[in-house]
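Structure first, commentary second.
Order of writing sets the labels: A, B, C, D, E and F. Residues in every chain begin at 1.
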Amino acid sequence: MKRDVVVLLTRAPYGRVHVAEGLRAARGVAAGFDRHDVTVVYTEDAAFAARAAVDRERLTMTDHIVDLHEENGTMVADRRALDARNIDPAEIATDIAVRDGDAIAELVRTADHTLDF
Amino acid sequence: MIYLIDKPHADVGLRTAATDADARVVLIQDGVLLDPDLDAPTYAVESDVTVRGVDLSSNIKPIGYDRLVELLFEQGVRSFV
Amino acid sequence: MTELGIVLTGGPFDSQRWRTAYEIGRAALNEGREVTYFLYLDGTLVPVVDQSFPACADGGLFDELPAEKFRSLVAAGATVICCGLCVDARGIDAESAYPAGVEVGLLPDLADMLGEADRVVSL
Amino acid sequence: MKRDVVVLLTRAPYGRVHVAEGLRAARGVAAGFDRHDVTVVYTEDAAFAARAAVDRERLTMTDHIVDLHEENGTMVADRRALDARNIDPAEIATDIAVRDGDAIAELVRTADHTLDF
Amino acid sequence: MTELGIVLTGGPFDSQRWRTAYEIGRAALNEGREVTYFLYLDGTLVPVVDQSFPACADGGLFDELPAEKFRSLVAAGATVICCGLCVDARGIDAESAYPAGVEVGLLPDLADMLGEADRVVSL
Amino acid sequence: MIYLIDKPHADVGLRTAATDADARVVLIQDGVLLDPDLDAPTYAVESDVTVRGVDLSSNIKPIGYDRLVELLFEQGVRSFV
C-alpha cells in the first residue's frame, strides 16, 4: 500500500553515517514497489546538514538527493531547529524548504509512518 | 497517537505531541529521566523506570510492553528514540 | 504480511534500542501479531553469533546477549532482515555470522515493510 | 611509571556499556603493574549512575566497584552535573564523595592522564 | 616504549572518533613518535577486515575504510591492541577478522600504556 | 594544557579549561560548531571546519593535526571528545 513516509534526520552530518544513510533509505523507500511519498525533514543537529555551505559531495549526500528528487521526494528543514542553532534560513540550500515548527509537527503527525536517523 | 520519547530527541517529539489533542506520551529508555510539562496523558516504561531508580511524578503512570503494544496498535505510534 | 515493522539502527552495546526493539516485538508476537525487523546501520551488528560477555547480571540488560534474544524472536516467528550494504560496510560475513533465519536484504525490503505494516516503530 | 589517572564517566548508566565498562577499565588500570592512582568522576549524565537508587547489580557495577576500592581507587560525583539534573547530593551513594565543580576541574587538570567513557 | 597513547571507544560508523584517532596518530608517527592504540568497546570494530562501503567520496570520511587506515598505521609502526573481552562480546573472530599486527590484549596493556605514555588522548 | 573539545562533552571540558590560566582550547569534530565564550586562545581543527562549511569567528584560529600533535606534546592534553 502506498504510504506517506516522513524520514527524520536528527544528527549532525559529519562523523556518523546517519544523514547520508537516512537519505539513502529515503530514496530507497521512495523507489520501492509502492512508490511511497517521502518527505525528508532536517531537524535537531541535522539542521547543519541542510545548509548550502556543507560539502554534500564529501558527505556522500549528492547521489541520494538526486535520486530522491527523481522519485518526487521532498526535503524540508525545521525552522525551530535552525533557530535553536543560530542558523539563518537564508543559509539553507535551495532544494530544501524551510518550514515552521508547527508545520513540521503536522507533517510528522499526519504521516503514515516515520523513520528516525 | 502514541509518542515514544527518549532523551536525545525529546524536543522534536514533545513539541509534535503538543500539537495533537489525542496525544499519549510514553517515556522510554533514558526518556524516563525527563519530567515533561504536557497536558497529554503520560506513561513511562516500567522496567526502564525500575532499573534507573526513578521516582515518577504522580501524573506519570508506569506501563508495560504488553499494554504499550496494545496502545500503539489502537492509536498509532511515532517514535523519537 | 507484517502488522508491526521495527526499524533498528542502534548496535548491541551503545544504546538500549536493540533491547527495546526486542521487548516490543516480543510483546507483539505474544499477542499473535506478525512482526518484521529491518536492521539498518549498526543494527546489523545485533544478531551476530558467538557474542560472549561474562558480565551479564540476572535481570540486567545483557542477561541474554543480543544475538540470543534475536534468535528467540526468529524462533517465535519474527522476520529479521539485515541491510546488505550495512553488513558489507561492517565486514560482517553473513554466512558465518548470522544464525539461520536472519536474512540479508536491501532497501526494497524496507519499502515493502512500510507498505504492509499497520504500525512502524523506529529505534 | 605510576600515574594519577582520572576516569570520567559521562553517559547515562543504562542501555550502553560505558559506565560499567569505564569502571572495569578504572579497576584494571588501578590493578596494573604500576598500580596507578585512580579517581573515577561521575559527571554529565553519569551523575544518574552515582545515585544510591540505581540497581548496581543489574547495571553490572558492583564487582568492578568492590575491586576498585580494594585497589584504593576513589569515586567522586560532580556537583555541577548533579545540580544541572536536579539530583540532590543526599541521593548520592555513600561510597561516592560529592565535590564541587571547581574541585572536579582541579582533579582533571592536575591528573597525569584522563580517560573518558 | 610509547610516547603517545590513544584510547578509542567509538566504532567505525557512529562517530568520527576513529578518524580523529587515525589523524592524530598519523601526525605523531610522521614526527617520529612511538604510538600505541588501545581499542576498547566499539573501538574494537574499527580494524575489522573486509569492510566494503561503495559510498566513499574522495576526501570524505570513508575515502578509505577504517580498517585500511588502521592497517596503514600498523605498517607505519604503530602498536594496535584490542581489548579481548570487548572483542568476544561483539562476536568478533580475532583470528580471521583482524589483519596481521593488530593484537588482542587485556586491561593490563592499557595500564602499561598509561604508565609509559607521555601523552594520552581519549576518544 | 591543550583541551580538545567536542560537542557532547563541551560543558565539563570548557569549565575545566576556564580554571586553567594556561589553557588552549582546540575545537574538534562537531565541537567546531560551538562558539565558546572563553579568554583562552582557541583553535579549531581545520579539516573539521572545512567539511562542515563553518565560518570561524575571528578569535578562533584553524589548526592542522601536525601542529596539534606538537602542541599536545609541548603542553599536555585533556580530551572531552
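Convention: a residue touches a chain if its C-beta (ideal position, glycine included) is under 8 Å from a C-beta of that chain, and two chains touch if they have at least 3 such contacts.
Here the structure is a predicted model, which is why all the values come from computation and not from measurement.
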item	value
Touching both chain A and chain F (chains)	E
Longest centre-to-centre distance from chain C, chain (CA-based)	F
Residue-number overlap at the chain C/chain E interface, same or different (half cut)	same
Chain located farthest away, centre of chain A as origin (C-alpha)	D
Distance from chain F to chain D - Cα centre to Cα centre, in angstrom	25
Chain centre separation (chain C, chain F; CA means) in Å	39
Chain centre separation in whole Å, for chain D relative to chain B (CA means)	30
Distance between the centres, which are taken as Cα means, of chain D and chain C, whole angstrom	33
Multi-chain contact sites of chain D, meaning residues that touch two or more partners	14-15, 17, 24, 58-59, 114, 116
Overlap residues in chain E, where contacts from two or more other chains coincide	13-17, 41, 120, 122-123
Multi-chain contact residues (two or more partners), chain B	29-30, 48, 79, 81
All pairs of touching chains, each written as two labels joined by a dash	A-B, A-C, A-E, A-F, B-C, B-D, C-D, C-E, D-E, D-F, E-F
Residue ranges of chain D touching chain E (in the complex, touch as defined)	1-3, 5, 17-18, 21, 24-25, 27-29, 31-34, 36, 112-117
Chain D to chain C touching residues, read off their complex	14-17, 20, 24, 57-60, 63
Of chain B, residues touching chain D in the complex	7, 29-30, 33, 48, 50-55
Residues of chain D defined as touching chain F within the complex	8, 10, 43-44, 78, 80-81, 101-102, 104-106, 108-109, 114, 116
Of all residues in chain C, those that touch chain A in their complex	5, 7, 9, 40-41, 86, 106-108, 110-112, 114-117, 120, 122-123
